[in-house]
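Each of the next two complexes has chain A plus one other chain: chain B in the first, chain C in the second.
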Partner chain A sequence: MAQIELNNLTKTYKSHSALKSVDLTVKDKEFLVLFGPAGAGKTTTLKMIAGLEFPDEGLVKINGEIVNIVPPANRNVSMVFENYALYPHLSVYDNIASPMRSSLYRESEEYIKEAILKVTAKMKIDHLLERLPSQLSNGQRQRVALGRCLVRKPNVFLMDEPLAHLDAKLRHFMRAELKEMQASFDTTTIYVTHDYMEALSLGDRIAIINQGEIVQIGTGEELFYTPCNQFVAGLMGEPEINIIPGEIIRDGANVRVKLARQNQLYELPEDVADFFRGNSIEQVNLGVRGNDVSCSSERTSTKSIKGTVYVLEPIGNRSILTADVEGQKIRIIVSNSYDVDMDSTIYVDMDFSDIIFFDRESEEFLIRHNQESLVKEGANG
Partner chain B sequence: MADLILENVFKRYDNNKKSKVLNDYAVNNLSLHCNEGEFIGILGPSGCGKTTTLRMIAGLEDITGGDISIGDIRLNNLEPKDRHIGLAFEDYALYPPLNVYDNIAFNLRAKKVSEEIIDEKIKKIAPLLKVDDLLKEKPISLSGGQKQRVNIARAIVREPKLLLLDEPLSHLDGKMRQVLRDEIKRLHREIKCTTIIVTHDQLEAMSLSDRMAIMKDGVLQQFGTPLEIYDDPANEFVAGFIGEPPMNLLTVTIVKEGEGFLFQFAEKNMKISVPERYNKVLKDGMKVRLGVRPTDVLIGTKKSPGSDVEVSVFESLGEERRLHFRVGEEFLTLITTEKIFYRPGDRVKLEFLSEKTHLFDMESGDKIRTE
Partner chain C sequence: MTNERLHHTGKVVRNFLLALWALFALFPIFWMVLITFKSDAEMFTTTFAFHPTLENYQAVLFGTNYFKAFLDNIIVSSGAVLVSVLAGVPAAYALARFEFKKKEDLAFTILSFKFAPEILVILPLFMIYQKLGIYDTYFGLIWVYQLITMPLLVWVVRGYFEDISVEIEQAARLDGYRWWEIFYKMLLPLIKPGLVSSALLAFIFAWNSFTFPLLLTSFNVETVTVASLKYIASDTVHYGQMAVAATVAALPEVILALLIQKHLVRGLSFGAVKG
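Right, the complex of A and B next:
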């Protein structure tokens, strides 16, 4: 049992405010991802839970107990840093045994053996105990490093960007490896990353942090489909979500949207129209992902938006076409066989059922079509 | 035609740590024919010889063997300054005491071009690179993206026959990189100067290049359009190098099943059908390297040949979903944008898109062709 609670956690370095009143509860056995850009306060938060930094204000609680002044060694917290440093001259068995043999624990060899066999069986590395780290694959090494942290049954497992130092190709495999053995952790885990794929893949829940403040907490589906503001929407997805200014036009019960510098009025899905009937918001931003826009050299409907091809970039199994619509750049994902000349005319079509509406001024989330069923649909495996 | 032609070019560093053995070539028999106005990317892992190649073209390295020429003019013995080449390297190396205008003008003044003509040229180039508002600024007050724009402006203001770019974007952060990438692409269309970019970033190379040269250990592996290389890699190295996330590359045994064949994986009971077009070139019991991109692995139907396989990992990543199937110490990965949902332990049949299934020779790594 280990529930982590952070209340009003605040930290200032000289004049730079690293954390501003952070409140966060991590449930027992939950895998929580702390996700945000560089300098957001992710690692500072982690260090406070580990006891390596002290808050100026606020409380750190483990299982309801305030641990602010408990030294790191007595918190029973296990921290995994960016590289999984294993002792190269020790076998897998001795690597995993090393924390339990330390002066702090001094467990009996009998106890150690039992604990190692249990953990290594769970992580499917029990056939590798005699090997040296150099005789292991990357995935096996990761498992050994994590096994070494888990063997002493920490209350909390803290992971600080463990995959960040890997190249993109290896990261893809190691993330899958990590996810495969996630179920065997059985320990409350806080995982820090600035990679949205890691956040979406691994987190039971994701807490988004920016400039020392928690911006949104939710499942990957919640954050992806209903980001609480444009900042969060911009963090998820490649290429970044398009933000297009628009205006809500009301004509009696008829509610439609007009895009900036366009005359055409577009119908809204009924639930979205309903939302705008209930308020008087006019200035909005439309968040549209590159997957939810299509384009064609011919006008396909009267609703098509005319623009020009700014640039077309093939990037493998797909291409990114950047359309220039009256100075507004719209990035569209197209098939990699799609070929079109720069500056030629193009017609852009959007599916309004996929658009996320934000308030223009506050940049806060307003509404999207079908939001409840989208969020519920695919809870992460 | 002023094409850039490299013919059987060799480079060996003598008395250099780089060459541990005699005949260890940094560039080994490289021939490339770049058409006038083409944008060529040279791509490969570090130490593949890409930067050495660029430096030989620029005249910063001697050529050990072979010829480099632009049109009828052989470059080998020409001084760098006589080659009419514009260079923009990774570090901007602007003159700190000079403002942007004087930085761009510097090389023209060295060539005693009149101030009037210099002014005319800078006024033409500056807006193309969006530095027209910065001409009075000193380098210290510029962002990384702006410095690289000035750097490129300085390279093209002399109207070179050839523009060489060495990792021009690698210092920049993600967003700026994307913006400048787009602008370089548009600039090239404007000035139509033959351009060579050296980069280790495959997205950069693919998005900018008309054709790409993939190098490894000093040897050219493949030369073609980005799509040709992506869809039809010449060997296992190229297949694994290009594509992100990477192509699935696994050792399989071919087993006979009725009229056709199946791939048998390291997990012996995992079998997936072999596309029919390979029937004539395969034999029962043969081992090959199978290459198939994650987006070309499909979920089959109950009737699909082969065994069903167990889902080891399911990832929901917003725009796409990934399924990983454990094969020994490796995974076979499937990527789809369909809104599917699986749990670990679920069993599915898999199929590979026939035209996108590649086989490579176990020994040489060369592609096994069906005709």
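Right, the complex of A and C next:
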């Protein structure tokens, strides 16, 4: 149980800079998800908290205490490594027992046995206790690594993509299991993932990290509804958000938007229009999620945009239709019963009340409809 | 049916070739053991019929100080291997794990000790040893044997260390182990196959060494390889006695080679990290 603080953390490997002045506070008992693309600096951040890597600059604090020179063993942190890092010569039982047999965190053998049986039953690996890591599948190894992490009572759990190598079904099960355990463990957890579903379902808060910098920290809702820039918007949600260039047309008090290569002018919700009355921004990008776009083979209104069907991908309970509108690909979520021929004409309608506006130049967030009410929950977080 | 027959024929041919090879490889050893039981008079008979005798054994084992040489050989060879293990394992670890300037050059230099023929360096070494006063001492021989034993050990063990993912050590540190505990509990079991087999091979190389003990020792320290020469007398060569000396000298090697076989199992570290 501890609060973790990172102040101005900087790390450079040779010429490549891994972390650039990262500031992050993880509150006691919080479940924070570090989310970002490969090579963003997620693992480096975890290893610095663990003390396995040393920052070039900056401070790591656990419970307000600066631990920069405290050796990893004395920090009492528990970590799941992305490549499992199981001890190959020890059985599953001994692997999981290892942290409880060290001179620093020794427990009695009865306690160890009980703890191992409990955690392995949860992970569904209790039938594998006598095996060596080489006799396990990747998914089983990953669960052993997770078990070795969870048997401890550390200051903080550090988990580096602990579910990445499980099959979809098991991953779903483990995700729920982790969430349940987190509630009962009451231990600060920092969880690295590049799966946005995991990030959204597990995290109390999510920190988006890219190229060694924290881009945005917030609750899942905050990040989903009010991403601070197009990069974050692109990370959250499947299919990826559509970014459509547009232009704000001001005609007296009347503020409307025109899409690139289209002639139609679209009305804006009042709060959004208000925002644009107060400045002179013209070039914008519209972020439209696939479920805020509808399509049909007939023109439904004069505002419909004409395009052609590029591809239709059924993904079980729904399908993703990609429409080609004047060279711009627009991804639309449609019902899985939807059937359409490739290259046939299609009319696309957008729901303007859920569009996120970005500045074309800086790609930063500008405004969205109902912003206040949507961010309310996250604002104090 | 044809397939089965083909398979069968292949088996026969393979076994025949293996048998041929075994005969070729083992015959000199067989012949050596054979002549230990021959008297000097019958030495050059090529038929297998002779009058077996234990004279040669008696002459070598009880008539000369062969046991002293045997013991000396054990002392210098195991001493050399011990020093190599104590210094070579940390060196191998450093070469595998740490980044420092000229790392590869250093590793290559260590290996290059094995390149030059011993006879090439023996003369300057002889003079240096005379000056340092370590000529004809156990210490001197153990020191020079490092040229034979160290490179092999460092290179084999380094490979084993490189196969161990650094995360395993990091996990052990987070589990609360000290560095020496990590070494004994986590690393040593993983490098054991490499360490044992390379140490045993190094022992055999040191045991067989001839040039170094011939020129860097005289009466104080004597190894079996050099002692075997004593059976060349001024008038005749006692092949039978030489064969006894060689046969007894080969015994530890045969035993060790059998031990190595058991330990030459690589792949213990497979499955440690995701493949």
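Just so we're on the same page, the second predicted complex is superposed on the first by the 309 of 381 C-alpha atoms of A that agree within 3 Å, B and C clash if a C-alpha of one lies under 4 Å from a C-alpha of the other, contacts with A are read in each partner's own complex, and residues count from 1 in each chain.
Everything below uses one rule, namely that a residue touches a chain if its C-beta (ideal position, glycine included) is under 8 Å from a C-beta of that chain, and two chains touch if they have at least 3 such contacts.
Quick caveat, the model's predicted, so the values are computed rather than measured.
Q: Check whether A:220 is in contact with chain B, with chain C, with both or with neither, and answer first, second, both or neither.
A: After superposition on chain A, A:220 lies in contact with chain B alone.
Q: For A:59, using the defined touch cut-off, is the partner it touches chain B, chain C, both, or neither? Pick first, second, both or neither.
A: The answer is neither, since A:59 touches no partner chain.
Q: Have a look at where A:98 lands relative to chain B and chain C in the superposition and call it first, second, both or neither.
A: So A:98 only meets chain C here.
Q: In the superposed arrangement, does A:200 touch chain B (first), chain C (second), both or neither?
A: In the superposition, A:200 touches chain B alone.
Q: Could you say whether A:313 touches chain B, chain C, both of them, or neither, answering first, second, both or neither?
A: After superposing on A, A:313 lies in contact with chain B but is clear of chain C.
Q: Per the contact definition in the header, classify A:117: touching chain B only (first), chain C only (second), both, or neither.
A: A:117: touches no partner chain.
Q: Could you say whether A:139 touches chain B, chain C, both of them, or neither, answering first, second, both or neither?
A: first
Q: Common interface residues of chain A with chain B and chain C?
A: Touching chain B and chain C on chain A: no residues.
Q: Under the definition above, what is the set of chain C residues touching chain A in their complex?
A: Spelled out, the residues of chain C in touch with chain A are 165, 167-168, 170-178, 181, 186, 189-190, 268-275.
Q: Touching chain A in the complex: which residues of chain B?
A: Residue positions touching the partner: 175, 178, 181-182, 185-186, 189, 203, 206-208, 226-227, 230, 242-246, 293, 295, 312-319, 322, 324, 326, 329-331, 333, 337, 339, 341-344.
Q: Give the list of chain A residues in touch with chain B in this complex.
A: 137, 139-140, 168-169, 172-173, 175-176, 179-180, 183, 196-197, 200-201, 220-221, 224, 236-237, 239-240, 289, 291, 310-311, 313-317, 320, 322, 336-337, 342, 377-378, 380-381
Q: For chain A, which residues are in contact with chain C within the complex?
A: Listed in rising order, the residues are 47, 50, 52, 71-73, 75-79, 81, 83-89, 98-99, 102-105, 132-136, 138, 141, 148, 165.
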